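In what follows, chain A forms one complex with chain B and a second complex with chain C.
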Partner chain A sequence: MIHGRLDYRHRRRIYFLLAGNLLLLGLIRVLLKEGSSFAEVLRRAGPDVAPVILAGLAMTSVIFVGAIDLSVASIIAVAGSAFGVLVHHDQPPWICYFACLAAAWVLSMWNGYLIRTLKIPAIIVTLAGLPFYRGLALIVADLGIPDFGGNISVYDAAYHQPGKFYAGWILLATIIAALIWEAFGRTPRQWLARGNSEEACRLLGMKPERILQSAFCAAGIFLGFAALIAVTRLQAIEPGRMLVGFELHIVGAVVLGGTNIFGGEGSFGGTILGAFFLYFISQALTYAGASAYFQEAITGAVILAVIGLDCAIHRRQKQLDELA
Partner chain B sequence: MARALLQLDGVEKAFGGVQALKQTDLEVDEGEVVGLIGENGAGKSTLVKLISGVHQPDRGTIYWLGKRLRVMSPHHATQAGIATIHQELAFFGTLSVAENLLMAESWPRTFWGGTDWRALFHEARNRLSHFDLKIDPEKRFDSLSSAEKQEVAIARALSQDARLLILDEPTASLSEQEVSRLFDHLKRLRNARVAIIYVSHRLDELKQLSDRVVVLRDGECVASYRTQETDVNRMVRDMVGRPLEQVYPRGRTTAPGRPVLELEAATRRPLFHDVSFTLRTGEIVGLAGLVGAGRSELARAIFGLYPITSGQMLLFGKGWAPRGADEAVRAGLVYIPEERKRQGLVMDHSVRDAISIGISDRLTRWGIIPPKRELERVQAAMGRYGIRARSPDDPIGTLSGGNQQKTLIARWLDRAPQVIILDEPTRGVDIGAKAEIHRLIDELAQQGKAILLISSDLPEILGMSDRLLVMYDGTVVSELTGERMTQENVLLAASGMSLNTSSPIHQ
Partner chain C sequence: MNWHEAPDMRNWILLLLLLLEIATFTFLSGVRFDSAGDFTAYFQSYLGDLITQSTPTLLLAFGMTLVLITAGIDLSVGSMVALVGCIMASFPGNTEFWWTAVPLGLLTGLTLGFLNGALVAWLDVPPIITTLGTMIFYRGLCFVVMGDLEKAPFITVPGYEWLGIFSGVIVMLGLLYLIGGPYVYHSRWLRELFMMGGNRIAARYAGIPVQRRTLQVYTLIGFLGFLAALSFTARNSSISAGSLQGFELQVIVAVVLGGTRVQGGSGTLLGAFLGVMLIAVLEEGLRGASIWGDTYLPFEISHLEYIFLGALLLIGVWVSNIAHQRSRA
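Coming up: the complex of A and B.
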């Protein structure tokens, strides 16, 4: 957006998603039944969509460098377990919050470290991480709580601050920070550079491994906030079942936002709008009275349709680009 | 007296069990242009990578300005003043030109810490204008032409006060005109006392540009002489280790036969328009022109990758409007693309897979390819086309460029096609393999195949073709035959200038 750094493809996708979001909001407004307030729908949107956007920003960062992280939901589960165990042992809220953030960050860094040192593709390392961290979450809960029966209850309102009262604000602050960073920071451009060509980075004397690690570091921070909000909204944390399938929903939002899944191009802004778009679709479907079964299928179809339409319109341009 | 800038003393490097470089000495003086030649696999790229810090030598010493230098990384080499432009351009396609130029340096910042984009683009514009380049630094790098990309590479390499510039095959994807622009830049650098190591397969270029030529063969430095005191034949002899005739083969004796491919005002704007010509059996027609003139685009349309929008094409006398490449292959028309790495081959596949994929439908019995039959056919093809690999199961990526190209040709030719379109068949191929490919093309014409040859290598296209069509700005502007087939005429026509001696096909 600054000095044309976002090229026309991404700008087009962003306008498209903006228009789509407004259209969906209009539709929700029309579908709204007597007695429900539209302002309430808007007010709730931020907190509801916050975990998706924050985890989406994490995913966008690692996809920028040409990696991917399929273990995000399991990492959040570990963060949830750590949080729950500390709550169970009556630790003060700030320690529990910190543990939640730290767990997510450490595991994200660990993913980056494994990919970097084992030289195994990120998709494989994190695919293995998916069940591994899920198991870890259960082990942590089981070891930390004497008679752990599958879920950890958190009743005290003091532990629900970030998720229930500040989620919208945390989201807003993170979005602003991410957009400013994207517009003026150098690091995201280095991520994109590595996503374009690791070899080129090496030949230029940049350190591709370090760049990869920095993306997982930033992703860990975003993921920490996502975990914090996701976990502190719950009365009962179920480490074994929470957010199953969440990672693909996030990849959907990222790709919908115009980020190339193979790395090297994309934008935080697109991811944010993509996440809202998916959220408003599910809301619109709910208000239209569609069943949950339909909602899942329609969400998938929409991702395909939006991206397919975008590609179809510009296939000719792409063809010419390839010839050039 | 110029002093030695770079000195290599007994440098060695092995990869796995393969000795890529044996006991090599090299000296480069200030302001000197050293041409580095050798067949593919002779060790040129290894030598370049040792000097530029990508690899470290196993043995031997590198001296820089008389002092011992250990280049541990590309960054280190750049700092010392050694700039390298690698064969595969190291760029970030989706980022802007400015970011590509300055990615490895520190960026200007605003007072509150963010990137100062305005200053960044300004800096990039300055660097580009230093080389008289009028490229918009805000443009996406992908959208530049090959020549512009090359120029940005030079601007980047030299932006940090480099004293030695290494270019590895810089002209492989440039047209003649773009090459001469590159040479202007290089000559200016030489005058500014920058030393240049220039790796190339094109000996005529080295003749023009270099002060001294160093020949590598099988990882050893076998000869070094002043360019003025030598001739192309001697360079070739030293490179291959045996005398090699530089003449283009012409075994075909019969006159061209019946027409097999006819185009009448074939048009697909903006790629090409109003192209008409006839291709007959047993003839080689050259399609010359600058990069971007529409040659490959035309070839791809004939091959059915996209339809023409007006005009007509005839194949074997019947209307030809293929819906896809498979139809073309079945009809007996094959296209061997210019960028073999991107368009033709999967680098991890074995030679066997790469060849048999072209004939698999003919080998298949009940949906299964009989391994024995496949191997026989593949080995036969490897023998016939002189593909040098240790075994058919070697990955394509480990073969030299020439052998990759031969594999690609073998894939299709086993189907016995009647019309063959070859797009830059010898680009990036060493001189020995080049001669073999030329002989192969000639043999095919002898067998009565019709061949459309696209090449930016002027001597090659002049030497191989029976007739020459020259394209400019999307259309054929001139047809050259017999004595009118000269470098000058091709260059004039290809740059859109009128030719007195030629007969334009289109007014």
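Coming up: the complex of A and C.
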């Protein structure tokens, strides 16, 4: 169903990423040393890549409607602060988890509300949110923990359950839910419609503002799970420094997955494959014995090469479209 | 005439805000002046420090304003400056540094900027995606060049220190803002950039060499990135692969705060200058008011910097949007 909805350019990107992922997995299988298990590599992939995919799904939702969220890392930091403060006050784990999910959801909704009411481009609102929420995370930690010195230690294993034991399952359940929703649900299609033309949506009797808010609502839920997994994997939460620069890496994975950065085109599946592709490249490099220092450069080069090539191929068509 | 109809009036408001900010933070820092001489000496050293430390941001704000005017963006500036610095840092710190490392740094800056421009102009990759990719790519190259090391050959290079002190940065900034600024402001070149930002396709049909202009603007950012790297390394004496992370957003926030629209087609260099200074005063002021903060606030006052930065940006753009809408009505 969704396959027919995607244009040939996006479908080709999905096939490329599928083939690329399989190829990389094959490469990793060949490069594995004696004593290492391939099943273990696969088992570890889910939890490792879970925060990126979940935050990627959140970013994809907001990019679908023609917005963007540059404050995702700072929102996760606030969620982390809230979680850490409650852990510090010995609250039961489920309350801490709930606070983490709720903080991310509320702030994402708040972003949507600001964009809707102030009529300011999402890139500016969330660019302002980036330092603002980071400051909020630090102030929450300052207020909640009397002698806060920059990090919050979480030693008790009871608070690490989602990140260390259930990350793969949470990821799998969310991916399945997202893909089913995308294939059969109406809302993701409305997001794409708004991303294509807000004016057309309005003329059709839809409410673009409400569609935008619903995208930020869904993004808040995805982001809540991303925050939960990212935060509960850590022994020490550093609200001021955790995940700095994460937002742009997420945008990188989303764009690599074929989603149009200006909205109206894309798929959750592409984002998932894009995030796995970047992860498997770094893993393949590690198993090939390449220095860890090369990994970031290669990630950047891959994003540039795939998107640059795609744009170059379609350049002629784009110029002809201009004339039409 | 309403203030929003004249961009110059907005600059006056920014200037007023800046003075208000300086006065508030001077009061909070607990400095007291016994004589006019004290007052002058304090502000001389205060402004000197302020300008010296914000030189890299000021240099790149110039380029970022121009690129935003064309409806582009450059997210790679932080990584670019760091990479130029890292490459220069791999040379030994002696007299030869001036004719080996420095020219190579210049060439690197120009090449990195040109690469961004080429991808945007020739391959039609959207600027935000191009520079996002190059941001990650250039940062990765920093790690390839430097690894985990922090290098400091700059201290032993004869005369290099001058680039980081007040007289050096004033020459750099003076040339850029006082000579380059007015020249650009009155040039046909800038008007072409405005037109590209307003409507790229119309600009092409109007005979503006859009590709060439795009290349020029991004290459100019590369050149300014080289100057910023000189000033940063001269002042900080050392550099590592992780230096200047988040710098790009600082520059963009400052420029947008100064009244440049990210959608393109509007912006002023003076606004960018004032935007950078507003943020620098805020940063420095909160640092100076730490004793006041410890006494009266239940949290670290320096953490307020992030809150103010976000709020300032949002309020600034909101006010400027309302003004823009009214002026069009």
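Here is the rule we use: the second predicted complex is superposed on the first by the 307 of 324 C-alpha atoms of A that agree within 3 Å, B and C clash if a C-alpha of one lies under 4 Å from a C-alpha of the other, contacts with A are read in each partner's own complex, and residues count from 1 in each chain.
In this text, a contact is a pair of C-beta atoms (placed from the backbone, for glycine too) under 8 Å apart; a residue touches a chain by one contact, two chains touch by 3 or more.
None of the values given here were measured: they were computed from a predicted structure.
Novice: Name the contact category of A:R13: first (chain B only), second (chain C only), both, or neither.
Specialist: Neither chain B nor chain C is touched by A:R13.
Novice: Looking at A:A301, would you say it contacts chain B, chain C, both, or neither? Reply first, second, both or neither.
Specialist: Only chain C; A:A301 stays clear of chain B.
Novice: Would you check which partner chain A:L203 touches, where first means chain B only, second means chain C only, and both and neither mean what they say?
Specialist: The answer is first: A:L203 touches chain B but not chain C.
Novice: In the superposed arrangement, does A:R189 touch chain B (first), chain C (second), both or neither?
Specialist: first
Novice: Any idea whether chain B or chain C touches more of chain A?
Specialist: The partner with more contacted residues on chain A is C.
Novice: So in the complex, the part of chain C that touches chain A is made up of which residues?
Specialist: Touch list, chain C to chain A: 75, 119, 123-126, 128-130, 132-141, 143-144, 147, 201, 241, 245-246, 249, 252-253, 256, 262-263, 298-300, 303-311, 313-314, 317-318, 321.
Novice: Across the complex, what residues on chain A touch chain C?
Specialist: For chain A paired with chain C, touching residues are 70, 114, 118-121, 123-125, 127-136, 138-139, 142-143, 244-245, 248-249, 251-252, 255, 261-262, 291, 293-301, 303-304, 307-308, 311-312, 315, 318, 322.
Novice: Which residues of chain A touch chain B once you look at their complex with the stated criterion?
Specialist: Against chain B, the touching part of chain A is residues 2-5, 7, 180, 183-186, 189-190, 192-193, 196-197, 199-200, 202-206, 260, 264-265, 319-321, 323-324.
Novice: In the complex of these two chains, what residues of chain B are touching chain A?
Specialist: Residues 53-54, 73-78, 84, 86, 88-96, 99, 103-104, 107, 110, 113-115, 117-118, 121, 138, 140, 142-143, 145, 270-271, 292, 296-297, 300, 306 of chain B touch chain A in their complex.
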